[in-house]
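Both complexes below contain chain A, partnered by chain B and then by chain C.
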Partner chain A sequence: MSNQAGENPAPGKIGSKVGSIMSKLRPWLAPVMILVGIVVLWELWVKVWNIPKWQLPSPSEIAKELSASRSLLMGHTLVTLEEIVLGFIAALAAGLLLATGIAYSRILERSVYPLVIASQTVPIIAIAPLLLIWVGYGIAPKVIVVALICFYPIAVNTVDGLKAVDPDMVNMVKTLGASRWQVFTKLQMPTAMPYMFSGIKVGISVSVIAAVIGEWVGASAGLGYLITYSQPLFLTARVFAAIVVLSAMGISLFVLASVVERMMLPWHYTEKRASSIERI
Partner chain B sequence: MAFLCTPWSLMASDPTSPNKILVESVSKSFDVDGRRQLVLDAVDLTVGDGEFVSIIGPSGCGKSTLLNIVAGLDTPDSGATSVAGIQGGSSLGQVGYMQQKDLLLPWRTVLDNAILGLELNGVPKRQARSRALELTETFGLDGFENQYPYALSGGMRQRAAFLRTMLMDQEVMLLDEPFGALDALTRIQMQEWLLKLWESMRKTIVLITHDMDEAILLSDRVYVLTPRPGRIATILDVNLPRPRNYEQVTEPAFSRLKSRLLEHLREKKPEKPRFITGDVRL
Partner chain C sequence: MNRFFVTLVLALGLLPLLAACGSSPGAPAPQTEAKVTSFPPVSVVLDWFPWSNHAGLFIAKDRGYFAAEGLDVDIHPPADPATILQTVAAGRDDFGINYQTGVLIARQEGVPVVSIAAIVQHPLNSVMTLKDSGIVEPKDLAGKTVGWPGIPDNEPLLDTMLKSQGLSLSDVEMVNVGFDLVPALIGGKVDAIVGAYWVHESISAVNQGFPVNIMRMEQYGVPDFYELVLVTNEEKIKENPEMVRRFVRAATRGYQDAIADPQGAVELLKRVRPEVDLAIESPGVDMLAPLWDTDQGVFGWQDEARWVEFAAWMSENGLLSGTGDVSAAFDNSFVAAGQ
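Then we have the complex of A and B:
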């Protein structure tokens, strides 16, 4: 490897390890640079104008806070993570079940699907306080808020996927003797998988926000609770530390979903890659 | 899905009949833009055991509709069909059916695409795979068994679809322009390949095509359909000796058949310029 930093890295057959890692990291270079730039500017801004810590802590102070209160943050992180995981699993189960029903039954599609779409116009943040009245202060209302918010993208995307099946393919499997159920399991379900994963990725990204909303309305633990608790005490660095953890959690969950998708749908990714390369 | 019971299902079936496919005055119309359009008009078709028959005709003459009816995917408005002794719409799953699109499932490897039909009919996967592997060489797919379809050329994909249909081991195969999407050279290769395959397997085949060379080269008989509504304009017997090969295309006997076919295809001139449905009409 000699010309590593060339403008167009030749896809040589001798794929050196360094080269392949470099080419994988390349798309991340620009966003990381921008992020680093923002952090540096922020640090300088706070230092130059001598902004008090309670108003806007500098990144270095936030980092210090992250390290100093790591056990506190860890405890609250686990609470929030539990809410997200339980809510997400509930949303996934309900979303897939409903999507299956809607794709399978014309009656359900006509009667329930419009309601599902309409339900999205109800602001969940307005529902959250009611949940406290109905199910109490424990983990339940937070799990429900997460589930309500994640449910929609999963259900709608999966319905779209189940309906995206090529009618010629349906005829083909029918001439091979497929039953209605086999058309569903062997054709519709695999067709819907990439769509379902799109829904999962959207759902998992907003699940963190959902958990925070759930905790804001009333909670005694969790990162959202930590923020509402720290803000009136002007522990602004701690607020930021919690935000950093929340966003790291969101990114990690998204990456996890993408990794699972790649493992479950190898054909989807290789096909996408192949279509962008000249075919032989 | 309409569960219509055709009154012809009471028609006597004769399993010993040499006719594998029997289509008797089948008519079918569709609603196109709110207007009833006759697509097939009293079509008769008879295909004997082990015969290779082609249907040729202009676009929109109802060729595919006819095949759908024979395959059991659609029901005729009137008339009767019988395939391998089975009446009417119940032929679904009993007849091999292949279309212009290969319709390979992108999430399955070539081998698992090939065994789809066997799998749907309850054959254990391992057994199905070993049956498919015996044939991959004949179908020019050896070495590609574990590839996903996107990695294959058009001709290979079509052969994989053929293998999927063939593995069902049905006596009757319906081919709806199977080579229509291939380039000219690949198409010729595929025609020669199918010719050899059929001459060794002797299945009953109905082929829909636009390609006159293909129809004459492969078939025992060619049915010419009129423009919509589709009627049988003529039936041309192809009495070229078998086994055949592609070189015969340039022989005088072949040319004579082709010019007769061309005559019939051009015979029925449309009374007035027709527009394909879908054009704006006020």
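Then we have the complex of A and C:
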């Protein structure tokens, strides 16, 4: 018995390790296969119909461009990333602050919340050129555009989260002698966190688009600038290369937000897993 | 709901027929047999929003010159000023208005566009400063900030102007201000702007209460280039030269009218495109109209020597990797036939 146990554990462990890696990778299999399929079809389409490079470059041409202009792309990527990070931090701070205010104050909810919603209906692309005139041509207008766009999903989701607390629970902990601060930190914040992270994930996905809008109307660096500059030169492969980098940046930021969420809300995920097991 | 949809589809289907019936009696020119030939609708993409430089095209449309040639012409601003040659080359638009630099760079990258008429015979692009800045010549720009619209050719153009007076691009700070050049200048965000037309933006600055100094490019070392040219794609020329000839002939009549009566031309423009600002276009067209006229007496004529000289300048300044086959970039046969 003990001998058998001594012989088997090593292969058994490896086998289960491989199995667990496989099971972790399985959800990625379908999207990756679809993506590979699209890329292959795209490549064939361009080759078969002999589509000129300036009209639609093939994936292999884009890959070549990515490698040939990597230092150029890297420089512009860092500029765009800086705009996104600063804009996102500003949006997060403003969004959380305002959401807390709105969730706690009837007056703020009635006066400011409708304005927050109205703010989302402002066409940012029309405001962006004016921002240049108001605050100048540096990084500021781009950061403001990113903040304006990311702020909304964060604020609205957090308000919903803070309001999702079961009022009976609040009453119960209050009868147990909890202070207002304790109610907030021990009950409302944990309830609101998953909502807040949903807002953050939506916000961070669109932040890349926001930065490009900010650069589109006037910039001296950044991937959005590189795209607008390359278009009149008919460097369509470079335009696509910049798009690939932007897309990768957006996906990475989303993954990063998800990882932070998992680290901060471990209970949320164990609950989720439990409920999905129950469903099975 | 269903019946409504069917009616809508029918109505939309009948519209072109109605339009065709309506336009033929309205055409002033006699309907010769050749001119009854119908062509598919013609799409023209402008270089920018409608302004006085487009007056000739709008005249040709409004006075029925296009209709007389059997052409149903739609004139529209570009979705993106940076992709005009792409939409023309791809056949989404039959004709477009664009820059001489654009045509040469496009051809180098394999974009099959050809300039078939030079609408503006000389540079409009210029450097502008505020009158009270004291900056009147390129050499005064040392250490100053210059706003530009982020279009690649503006940097070498300014560089050549600066070099004509012993400076270079490294002596100024370039700031991409997007297409809002005049607000950047009069708002004091930059000391000078490049990329603005001396027959247009200068007037809009003056109208805001800011008189400006203008430095014309061809006076400071830049070869005398054609600011705006009419382009089409190679396939169109090969497959339907008759349509191209007719279009150019009608456009020529429009521009000849505009040259003869510039103020009448912008009044017509205002009538068909009410969004244009006569406070800019009226004074502007008087400066612009002489530039539609050619030394050869043929509207739209393009001089090979000038194309060659400009291509050489572009190549020296890194805008082209070689001069390529310049003679294939333009074609005078249509303007010659349009007389």
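Here, the second predicted complex is superposed on the first by the 262 of 280 C-alpha atoms of A that agree within 3 Å, B and C clash if a C-alpha of one lies under 4 Å from a C-alpha of the other, contacts with A are read in each partner's own complex, and residues count from 1 in each chain.
Going forward, a residue touches a chain if its C-beta (ideal position, glycine included) is under 8 Å from a C-beta of that chain, and two chains touch if they have at least 3 such contacts.
Everything quoted here is computed from the prediction, not taken from an experiment.
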item: Touched partner set for A:Pro190, first chain B, second chain C, both or neither; value: first
item: Touching partner for A:Ile133 - first (chain B), second (chain C), both, neither; value: second
item: Touching partner for A:Leu73 - first (chain B), second (chain C), both, neither; value: neither
item: Which of chain B and chain C A:Val217 touches, first, second, both or neither; value: second
item: First, second, both or neither for A:Val208, with chain B first and chain C second; value: neither
item: Which superposed partner A:Ala99 touches (first chain B, second chain C, both, neither); value: neither
item: Residue ranges of chain A touching chain B (in the complex, touch as defined); value: 166, 168-169, 171-179, 182, 186-187, 190, 193, 265, 267-268, 270-271, 274-275, 280
item: Touch list for chain B against partner chain A, complex; value: 68, 71-73, 92-97, 99, 101, 103, 105-108, 116-117, 119-121, 148, 150-151, 153, 164, 168
item: Residue numbers on chain C that touch chain A, as the complex places them; value: 80, 82-83, 85-86, 89-90, 102, 105-106, 109-111, 147, 150-152, 174-180, 183-184, 187, 189
item: Footprint of chain C on chain A - complex, ascending; value: 52-55, 129, 132-133, 136-137, 216-220, 225, 228-229, 231-235
